[in-house]
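You will see two complexes here that share chain A, one where it goes with chain B and one where it goes with chain C.
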Partner chain A sequence: MMPTFSALPPSVVVLSLGTMVLMLAITIKRSEIIDAVLTLLTLLVALAVLPMGAAPSALFAVDDWHRFSSALIILSSIGVLAMSWRDPTVREAHAPDEFYLLLLMSALGAVLMTAGRNDITFFIGLETLSLSLLGLIGYRQHRIEAGEAAMKYVVLSGVSSAILVFGFALSYAETGSLVFAAPHALHPVEPLLAAMATVLVMTGMFFKLSAVPFHTWLADVLEGTSIPVAALLSVVSKIGLFAAMLRYFAGFDLMTPGSVSDEVTAVALLSMIGGNLLAIGQTDLKRMLAGSSIAHIGYLMVALLAPGAFGLGSAGFYLAAYAAATIGAFAIMEAVSPNHTHLNSLQGLFRTRPALALGMAVMMASLAGIPPAVGFFAKVYVAVAGVSAHRDLLLAGLIVGSVMGLFYYLRVVRVMLMPATDEVSTGRIAAPGNAVLISALALVTLVLGVYPSLLIPRNPIHLGADVEAATLPVSTQTAIR
Partner chain B sequence: MSVDFSVGLYGLIAIAATAMVITRARPVHALLYMVVALLALACLFDSLGAPFAAMLDVIVYAGAIMVLFVFVVMMINLGQPDETRERSWITPSNWFGPSVLAALLLTTLIFALGHGDAATGPNITEVGPTAVGMSLFGPYMLTVELASFLLLAGLVSAFHIGRALGEKR
Partner chain C sequence: MIALPCLVIVPLVGGLLAWIGGRKWPGTRVPWIASLATLCVMTAVLLDVTIRAIGRPGPWLAHFSAPWIPSLGITLRADMDGLSLVLLWLTGVLSFICVLLASRDETQRPGLFQFLLLTTISGVNGVFIATDLFLFLFFWELMLVPMYILIVLWGHEAREAAAIKFFLYTQGGGLLMMLSILGLVLLHYRHTGVLTFDYFALAGTAMSGRASILLMLGFFIAFAVKLPVVPLHVWLPDTHTQAPTAGSVLLAGILLKTGGYGLIRFVVLLFPDATAQITPLAMVLGVVGILYGAWLSLVQTDLKRLIAYSSVSHLGFVLLGVFSGSTLGIEGAVMQMVAHGLSTGALFAIAGSLQDNLHTRDMRRMGGLWGVLPHLSATGLFFAFASLGLPGMANFVGEFLVLLAVWHVSPVIAVLGAFGLVLSAVYSLTMVGRVFMGTRSSDAPRLPDFGFRQMTVFGLTMAVVVLLGLYPRPVLDLVHPTRPDVVSVLSQSAGGNGPG
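What follows is the complex of A and B.
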């Protein structure tokens, strides 16, 4: 049976082994330093083995897209790890050890999702991620708001998983295969059933991605959790899901009008406008970033709806820019005040702690898409993809949404420029890990903004050309039926 | 009167019972209907040629998980005058509905079994435990291994959240 294991993506093997080693270490001795070092080592090794290949398999697709999105996921997890090290809100729980364990497992789930070529592989990855996130959201069990957030997350996550599985069941009934692809790509006999399956699967994914109109849970959940978990939720899980979504639609022609592309277009437009509208009214930074994250999912869907040379590349670039800026913003909030995330907590930051304020300004510029930061180029790239696919309506939405976004991103900068209030404490120094993280992310955001070609793959990434090859051998198919 | 008829009846019973589950105000009454709904689902699985899934449904869901639910509901809010309260929950009008549905289900099942094996319809091949095991530990072996991490994540999360608050540090 040993040859079977060589089909696993190498990073999945490393992350699984790391989880087991970490569990063993926790049973021997509970020590936060050992946990953090083991988690960091596992993530670094997982990153290092990404270029390695794997035996061909019907369950996993170890291709360039998997490598790229997994690298983003693992780097983001390292960022969250740096943020949560010495974080007082994590340490106030019963024991901080399981936090690292759940962090590793959520990375494992997200990486698995990006490699999922079979409905079952994808679903196991998704649920591993969701269940780890549930534990992380409710980690501070003695806090009433953490319980509320965990409850909201688990109910909505359960509902969306049920919708997703129902879609998979319809897709299996139609095509007789569990290949993770829109059933249209497999030449269905009954197009209506196939369209229903696709719409259900997408609705489940939109719930998890918190695209409008399935977004209501995100702001409440982010508000109730600690800052590192909020960063994990709005970056790692979204990268994993979006990467999987692109794979799902790889063999599907989204350019032809129909129920499926109409739904994606409508959700993209609603997310771009709705997310920004939600963020404008917020005075809490976490809720504001929740709205911003919803809007960015909408921008990303423009790339999804623009297949061709630009679509995949712009989606990857946008994901990287979004991840860097969002994690950076959360890390600065963590450094300023871990417990108090009202907009007022940033007041006068340019006078009291200019370095942090400058970092925050860079992150906000990147999220808003203002030139020296990488977010500008990411938005241009997505817009070019949209133009090349003649998505005029979506481009209008992108522009309106970006203008609305400017208002609240620049409001953060304005608050930081205001005179400092007396109650602002200046004594707290950022934890070393967090300081390194913030400066690294600010540097990345600026350098990639000036030299964006560093992140653009030289050869276009191909995805899903081998949908037929992903089907299991016929004999096993009939055995399952 | 054919296999189709009994399949339709199972489906109707499942829908009716589920509708009752989500409209009951008291959890205990909802759980009684939920057991019936799961049994109807098991009958449906069996008539579609999946006896193994049907047995799992009866043993795991209708059996173990439902008993656990009923147990938890009964254990919660201890300390009040329980006996009188519980007696008021289980009045004849409350167990009548689930019993009727269950009896209907049993009649249909006996009828269907009497009229030949349900799993011999035109497009139905029976999938027994062997076939399920062969695919789980054949092509899907790696997903079975990875599912253990899914269970681990659930276990760690549940254990951490469920840990008594008094145990802090």
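What follows is the complex of A and C.
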């Protein structure tokens, strides 16, 4: 391999190659089966090459954290792929081929983000992800709500990217480097400028993560898109961003009180409470899950704000638990009724389709943090991190938020327990891919709930050599410039 | 020793079998029989544990340990002492009442019903034996879900609100307990560098007064919700009233006892100093509960609600006994828990049977049942007497011991508590008068009385209540809760690590 490429994370290479091959394949012959197989193959190979190393560079950090979060991203993408295969809503107006292409590209962007050690590499990943998501959101272009969702997304995504880049610029002005790390970590000369830069970068990320108060777009966008894309938006893009955010703060002392840690704390609290409040009032499942995902981002920030072994470990575990349960919930919605996501569509599911209902109950239990689902241990783990860092306020928020969350997670279970309506569902059988996905996720959620140690590595996850990144020789930094 | 995990696994597996059986052969009694068989196996296991325990030297009678989540110091650890054993037997006896009496009549989806019932029992058994704090929390939360579904699916008119109230209160308490557990674990970690959730290791954690009070409060609130302690009792009357009969029996008989058990095991024994500091408050709350519950019982017209409020009153004695600071008090508290479990469980079963027949719980529309239902009425009379603390029955022993223990600490509280006994006589007799005595309207339909099956079950329960009332010594000797610094001989061979 050429030396230029040897620094690239191997999965990025595979995903980029896969994208190109897929594009070629589409130009030669449009066939959904070929597309799906190629996408699946690319993702599997990308997963397989994750353990491989790469030459050290100032642009990419190919470390354990990148491997872990990328594995989650790729697995989630496979989940979304399984969900969208034979999904009528995905290709009701259009040939489905580009859907797979965009799916692959969004996985590429997210994986790139988790490895980004430089502002530029991170930003390239972010924009790859955002632009492919835009295409996916607007994929059903004849639908008015898809257009609305795409418009909302493009405006807010653009604004947040602009804020983010402005933050990078300030950070560059302050430190003279484009290392992707909160500038405070690099011994600032001008503390105010450094803090402003950090706050702006964070704000940009919060927009994309849809943390309260930057969350308003999420529910509308999810409502307007097809279910697989909604799953992609609320899982893959959030894992990528959150993984990058952890890296951004890796060398930053969040424990000392200051404007930055205060802002993160405030946003975390607001997200926990605001997300749950948003979800409680919803009768549409997609909007409800939007609120739930906002709240979970809030819980995850407890792990972010608790640096140390527990923080990183619990963040990883929580991301995995969240991803499994959220994708599972979306997959079941897809299997029940792809077009009608009102809460009513689940009514009587325990009678009409008990296996699906049981799966949904498991997912809801996991999201609510009730044993034996994995979400219970994930919540305890995050709370361990919070307690270890004395985040009392956030822990109070976690508890209040969890109790609020019970309302709507249990409501889903209750609706499914209710007697079925007269118009008994058509008995539509879940597509095979989706059925496999649902059973796999339900199994994972339960098995990991009972044996969480399967997912806890013996050695704590390493978050790259961020210190090394901070002290990169000036020559490499100028080289990047 | 494999018997302890069996106590958890057997009901779970049996429940699954009952569920599958119910789906496979709908309309048959397969689930009911499977459930009964499961309980028999569970009782056999319990019997085995008991017989083995008789010759044991130490206070810890059985032990089990296996690795679970090593990186966080979490193990599957279970230990059983006399306290656990007594409460496990209470669970066993009451589960038979539930399955034999209450749940045979659940015709809708009986398999699922038995599954949920047995899962709850499995969680309760786990709570009574877990000595790893994470494992304890796991079981604590696990037993809520099946109970919630039981209430939602088979409850009465306002079941949904009652179920969600039950869940939110107990889950909120559970989350506070989670924080306390984690706080304790990390405090221990900071001092010793060992990350462990082991009850015995954590019992020796050195901590400042303020920290220990804060941590203790988390546990206390969780258990106070469950017991319940006024003012955290709000969920109880609604939940008990709306739950199906078996659910009410299970709730009143066993689930509430997990609160009392937790108070003894995880508040008094784990935080002795902090406990001493909040004793006055707990005593006052206990006596307030006794009087308030009794007072509200006086004015209820709903039979189940009356019994529910009487539970609040009776369990106030448990709180008093636990916090009296003496062995006598704890003995009394446990006796009261057992007696209350049996008598109130039976009363709920009777109330449920009445509701099935009369389609009302309103006592104003009952009356004169003695003539129509002599067996049922006599049983009801017996348990009403037991519940008001008639000497010669187990409840009397419990209440008397508690009052005796409290008298040494605070005579005022003891006197006030004794007033609760007077009030309980008033409401119990009022209930008997309204439901069983009086005249029955002539146009009332004929009702089926208790048959052989019910009378056998209730007869055996009565025998236990009277036996414990006349000769409580064996149970009282057993229930001396074992202090965590007394490490099990059984676990030492397995590398137990008590603080010494």
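Please note the rule applied: the second predicted complex is superposed on the first by the 461 of 481 C-alpha atoms of A that agree within 3 Å, B and C clash if a C-alpha of one lies under 4 Å from a C-alpha of the other, contacts with A are read in each partner's own complex, and residues count from 1 in each chain.
Methods note: a residue touches a chain if its C-beta (ideal position, glycine included) is under 8 Å from a C-beta of that chain, and two chains touch if they have at least 3 such contacts.
Note that the coordinates shown come from a computational prediction; the quantities given were computed from them, not determined experimentally.
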Chain B versus chain C as contact partner of A:417, first or second or both or neither: second
Name the contact category of A:28: first (chain B only), second (chain C only), both, or neither. neither
With the two complexes superposed on chain A, say which partner A:19 touches: chain B (first), chain C (second), both, or neither. first
So, A:144: does it touch chain B (first), chain C (second), both, or neither? neither
Most chain A residues touched (candidates chain B, chain C): B
Just to be sure I read the superposition right, which of the two partners does A:372 touch: chain B = first, chain C = second, or both, or neither? second
Residue ranges of chain A touching chain C (in the complex, touch as defined): 313, 365, 370-372, 376-377, 379-381, 383-384, 387-388, 395, 398-399, 402-403, 406-407, 410, 413-414, 417, 451-453, 456-458
Using the touch definition from the top, list the residues of chain B that touch chain A in their complex. 125, 127, 131, 134-135, 138-143, 146-147, 149-150, 152-154, 156-161, 163, 165, 167-169
Within their complex, state which residues of chain A touch chain B. 1, 4-5, 7-8, 12, 16, 19, 57-60, 93-95, 98, 101-102, 105-106, 108-109, 112, 118, 120-121, 124-125, 127-128, 131-132, 134-136, 138-139, 141-142, 147, 150, 472-473, 476, 479-481
Chain A partner, complex, touching residues on chain C are 68-72, 134, 137-138, 141-142, 144-145, 148-149, 152-153, 160, 164, 167-168, 171-172, 175-176, 178-179, 182-183, 185-186, 189
